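Before anything else, here is the set of structures, which you'll find just below.
Next come two complexes built around chain A: one with chain B, the other with chain C.
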Partner chain A sequence: MAVAALSSAEIPAAASRRAASRARAVRRFKLTLLLPLIALFVFLLVPVLTLQLYFSFHQWTVYLGSWWDADYVGLDLFQSVLTDPRFGWAVLRSLAFATGSTVGCFVVGFALAYLMAKPFRGHAVYYTLFILPMLTVPVVVSYTAEMMLYRNGPVNGIISALTGLDFQVSWLADPNIALTTVALLEIWNWTPFSFIIMLAGLAAVPKEPIEAAEILGASKWRIFWEVQVPLLRPVILLALVLRFLEAMAEFPKTWALFQGGPGSATETLPVYIFMTTWQYFEISKGAAMSYIVMLLMIAIVLVAIHLLRREKRSLDLMYAPHAADG
Partner chain B sequence: MAMTKTQRRRIATVVRYGVLSLWALVAFFPIYWMVSTSFKPDNQWFSWPPVYFPSPPTLANYRNVWLGTEQYDVTQYAISSQKPLISMWNSTVIATTSTFLSVLFGSILAYGVSRYRILSEARMFQLLMLRMIPPIVVVAPLSLYYSALGLLDSRTGLILIYFLTTLPYAVWMTKSFIDEVPREIEQAAEILGASRWRTVFEIVLPLIRSGLVATFLFILILTWSEYLLALIITKTQVTTLPIELSKYQGTTEGRVYGRQAALAVGITVPLMIVGLIIRKHLARGFSFGMVRR
Partner chain C sequence: MARRSISRRHFIEGGVGLTVANFLPGTTPLAFAATMEERTVAAAKSAGPADVSGMIWSPYLVPMQPVIAEFKKQTGIGVGAVQDISIFDAPQRAMAEALSHSPQFDFIHIDSNMIPSLASAGYLEPLDEYIKNADFHYDVVAGYDNFMKYGGHTYGVPTDGNVHIQYTRKDLLDNPDNKKRFADKFGTELKVPETWEENLRLQEFLMDPSKDLYGSGNLRNRANGVTWWYMIFYSAGGFPFDDDMKPTLNTPAGQYAVDIYLQDKKVNHPEAANWGTPQMIPRIAQGHVVSCQYWDGTCKTIKNPQQSKTAGQFYFSVVPGSNFTGKLVHRSISSPLAAILVNKYSPRKAQAAYLALWLGSGKNSIPIVSDPVNAFNDAWSNAHFAAPPVIDAYTQDGINAIKKNFEVVAPPIYLTGYLEFQDALAKNLSEAYVGQLAAKDVLKNTEDEWTKIIGRIGRSKLKQDLASYKAAMPKLAVPA
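Take a look at the complex of A and B:
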């Protein structure tokens, strides 16, 4: 910068030419950096989304000849999806599953993080044990669950031994419980995620306001609700939003364990789309359903992104002076 | 009578260890059960009362699954030998290649965002949509598109789609490392006459080496355990480990828990090693710049 300023004072014409060619080079460089992303979009994402749109407006199943000759049916498919009670139930189930497991993960994860915010003997051991569930593959979780949750299995056995009751829950066969079983597995699997984020968040909370509140004689309870929670708001939001979105998309555990059953007890949105497309081979109905779900998710994601950006901007403002210090 | 301060502190300590130990038990028991089942002979897989410690422990499950050597005469679990090993190789190739591409191009993009703002902040968040929209909504057209291109049931097909879906994480995570590199170093390199590409590859990326390794391992966790896309896109030629596990059932009887457990342990152990290596960086991978230190 300093060099450029000096030379522009001496020979203005050459410098402006040089500046222009520099700007061109920078523009070319920026474009090159972006190329791989653009290529992925053009060659992978756009064709796939276009095909999806095509199928939502053309009636085609695998039994009906070539897909490019399929009949145009307008909005019929969307209508049939929106009037399908099974679809409505799948939406409700997914929302209930995602809400329940998100809250579960968050409450447990936050509680653990709060208890571990300060160093103590054995901290590293607990940390390691707590993140292990996240490092087991989801499919493995469901097969392991099958090995433990049978009626006379170890889980019922241990709970019976601890409580002294004869605890005999049919985790896998009872349609009233099946979705809860998957939600509990989801909580087991992903509590580490909330735990890690909340622990990092607690560590990043500035110490001064808490110390000030302590000196003023505030109780731990009040400090928690009135100082720590407001300071943690961005992190809390992040933990809830990301977990909710991932839970809406949960497929491997639900599918590997239940395939939508018993009855239709675990038929969440991903499972129902999967069955429509790959078991009934109603590609077009599946596509229309996918589009509706995609729009629903995009709406949720846009709200989430709006909230996250607002929080991030206030964080950027808060931390900007520190960054300038080095 | 009011408690003294030390008494109260002691109670708090007991409560803390109690709660943490209880959850540690909940977190660890299923993993223990998987490992112990993998060492159990077949009459203890599904028994009442449950067998908590395999007695006597046996390696038969591992030998059967991973080497295809030991067959049971009685039950005739006819499972083609060596398949899990082939799947392990497929998983390794697919996961490492797609993760490598993702980190390589992700870090280049992240450099552009950090230094030249090639993507605005809004675009960066929109990029996250690639990750936030459930993959189930695109798998059907994706598989038709792939079959037209001849990418169905191929490693390349899976690698490409994993590359695309993990790219947002790679960009966000490497950007958080690049943001920490002082710009003065690059300005110095520019004055000394280094080209822009040399600055990226010979100065900036080497400086965030450990961050790149952390990002690589973080994304490896995602690609290694992916299920849905692998289930749809691979059929017979290319099977990854999670799919192999879900196909793994006996011919005469559904439940071959010991075998499944031996396979599950083989899938999980590499992932746990990777996760424990980068345990300090996990928060950064998940937090998209929302957690500051």
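Take a look at the complex of A and C:
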């Protein structure tokens, strides 16, 4: 086959065409991968969000007519939600619950991950045991806990035996403790999630900085605080954010154990939204409430993304000189 | 008018024709049906065989199955797919079905107090025509069938009466030492309480927390506690709305009811604020309670030695009443009153309706309400009160008490928006019980919330509903 000689001007032009063609192929490939997600968004999420938006701006009283005949009320429902003290309390309870349980999950999960970071005999057995709570259905967690948390139940009994005191806490009936009870159950249920993420993070930490610190005579404590934790910051942030978002949406345990009570001690956002929508059948107010909560969650996610990017940049900067040296 | 002569031949042919027609399917049984059950079968046959689908909690369904099997044998109508949902979660699911006009369930088994809400949402099939076709009659105590009626139509068939009766410990009351101490202290006889005040005094006197014996076994959790409040409120002459649908809770009768309701804290278990039936029934049956008002099915549990340590140790009687109006008035409550309702959008609504009538016959439901193991369906029909298996399950004293309480039984808020109204009151009562809200604010806050609900649902619509609510209220002050 005869090969035509290319002029010096034609060579970069051909290369640029190839590059453009490759870029198009990469774009097509990315689009193909994203297509199911886009389809899911367009066909499932968009109609639901649109309908919910419609309800948020229309007062539909379920007993009086069909939803398409509902009266347009503008922003009245949003105003009604934002001026509803019960909603405000529900936001505060959810934030307190999510913060407390996230910190609890993280601290215990990180501690377990640190203990499990280096292999030892029986490692796999402990690993299985530690992730078991996450595999337990939340409602089962609630009903099992209920039996253990009565005033005369085994939990108070064990604490009394260990401390020698007559420990008589009403985990389930005291409105000042009820939310803490759910938070403790949440920590038990979801610590494995933080544990797995932190274990993966610890496994990915480069060994060189730790070895260098050891050679320089740094204590284990100092290595942990000054080498490992800074390197783990993006993973820590991810573990905290994901757990926090999940905790904000916690419903099954709270509902199964308390249904918002005693009093209104456990009326968190998901509980209040459920009650508004399906107990009081205020579908429109429930929709407006859900939108406000969605905006709150989006704000939290945006802050989290911003922080994650900042962490990534700082890590990149930390490694850049080593890369140049290499 | 043209005059037509009838020949002897035509007369004989007509007679033969009528005789033949009488034996055709769908006509014969009607002509010959004698009992209500036979008439129901006859009417059901005309609807054709089908397996109907339903939403029902399995503890209710299990004892119904032999009765359903018999109906299937006789008519070809049985129960196919079933969604097993707790009676407490059923209202939410039923309303979702109503809003989507779903034909998924042919029948739903649910608290009948949801009838106004579900009928207003257009979900319920009126049963009047089916009742007429089968010449069905509710064999119940005075006016209890009004619990199934709304807006001039009948919508449900009860399967579980769920009336509250009074349980008082016989062994403690009859103890000579207790009798003497009580007489010495109060100058009056220790006996089954007639009023709420007597009940509290007795509970306080006999309780002994050091022996894990508490005065009260009443529920005070957010989900159920409100049921007890209605009894006190109604017995004090209260009714929650005036004729113009303005809330009338914040009245002396209402405050009296809140006061009695909250005093229970002195005599109930410290964890009662979050306890429901799964916690309280075992305590009653195991002897940790002096007295309480509870659903009538607990008679069966107490009597069953495999589930109880207190068999024979309880007096069963009418719930306490009040002299608040100047004369003694007793008011019991039936909630949740489990009933079968039929979906208007169902393609098999006739079959579902006739199945409901079959299950709602007093005679057919005797094995259902007397099942000692699956004890969720409680006696409600006059036929039950005379049936040996039912008497055996509840004891004669239990049956007498149930019957008397039915004479003074009232519904909770029997209006469109029942759950909204009830939960607002329940939340405020629960907050007051645990100290989150001052007792004086319970009724004021509830009235404010109710006014908003009335505004949303519509005052004129609710004013129409009031007639059905009032019709369901008992007429007797004290059982005969």
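In the analysis below, the second predicted complex is superposed on the first by the 266 of 326 C-alpha atoms of A that agree within 3 Å, B and C clash if a C-alpha of one lies under 4 Å from a C-alpha of the other, contacts with A are read in each partner's own complex, and residues count from 1 in each chain.
What we mean here is this: a contact is a pair of C-beta atoms (placed from the backbone, for glycine too) under 8 Å apart; a residue touches a chain by one contact, two chains touch by 3 or more.
Values in this document were obtained by computation on a predicted structure and should not be read as measured data.
> Look at A:Ala249 in the shared chain and tell me whether it touches chain B only, chain C only, both, or neither; answer first, second, both or neither.
So A:Ala249 only meets chain B here.
> Under the stated touch criterion, which partner chain does A:Val42 make contact with: chain B (first), chain C (second), both, or neither?
In the superposition, A:Val42 contacts neither chain B nor chain C.
> Return first, second, both or neither, reflecting whether A:Tyr150 touches chain B, chain C, both chains, or no partner chain.
A:Tyr150 contacts both chain B and chain C.
> Check whether A:Trp278 is in contact with chain B, with chain C, with both or with neither, and answer first, second, both or neither.
Both chain B and chain C are touched by A:Trp278.
> Can A:Ala299 be said to touch chain B (first), chain C (second), both, or neither?
A:Ala299: touches no partner chain.
> I want to verify the contact counts: of chain B and chain C, which reaches more residues of chain A?
Result: the larger residue contact count on chain A belongs to B.
> For A:Ala173, select first, second, both or neither according to whether it touches chain B, chain C, the two together, or no partner.
In the superposition, A:Ala173 touches chain C alone.
> Using the touch definition from the top, say if A:Leu82 reaches chain B (first), chain C (second), both or neither.
neither
> Applying the document's definition of touch, where does A:Thr128 land relative to chain B and chain C: first, second, both, or neither?
Only chain B; A:Thr128 stays clear of chain C.
> Using the superposition on chain A as set up above, list the residues of chain A that contact both chain B and chain C.
Chain A residues touching both partners: 67, 150, 152, 278, 283.
> Can you tell me which positions in chain B touch chain A when the two form their complex?
The touching residues are 13, 16-17, 19-20, 23-24, 26-31, 33-34, 37, 45-46, 48-50, 52, 105, 108-109, 111-112, 116, 118-119, 121-122, 125-126, 128-130, 132-142, 144-145, 160-161, 163-164, 167, 191, 196, 221, 224-225, 227-228, 232, 241-242, 245-246, 257, 260-261, 264, 267-268, 271-272, 274-276, 279, 282-284, 286-293.
> Tell me, which parts of chain C touch chain A in their complex?
92, 95-96, 98-99, 117, 120-121, 212, 221-223, 270-275, 279, 416-417, 419-420, 423, 427, 430-431, 433-437, 453, 456-458, 461
> Can you list the chain A residues touching chain B in their complex?
Its residues touching chain B are 3, 25-26, 29-30, 33-34, 36-37, 40, 44-45, 47-49, 51-52, 55, 67, 108, 111-112, 115-116, 120, 122, 126-141, 143-148, 150, 152-154, 157-158, 188, 191-193, 196-197, 199-201, 203-204, 234-235, 238, 242, 245, 248-249, 251-252, 256, 269-270, 273-274, 277-278, 283, 286-287, 290-291, 293-294, 297-298, 301, 304-305, 308-309, 311-312, 315, 319.
> Which stretch or stretches of chain A touch chain C in the complex?
59, 61-64, 67, 150-152, 170, 172-175, 178, 257-265, 275, 278-283
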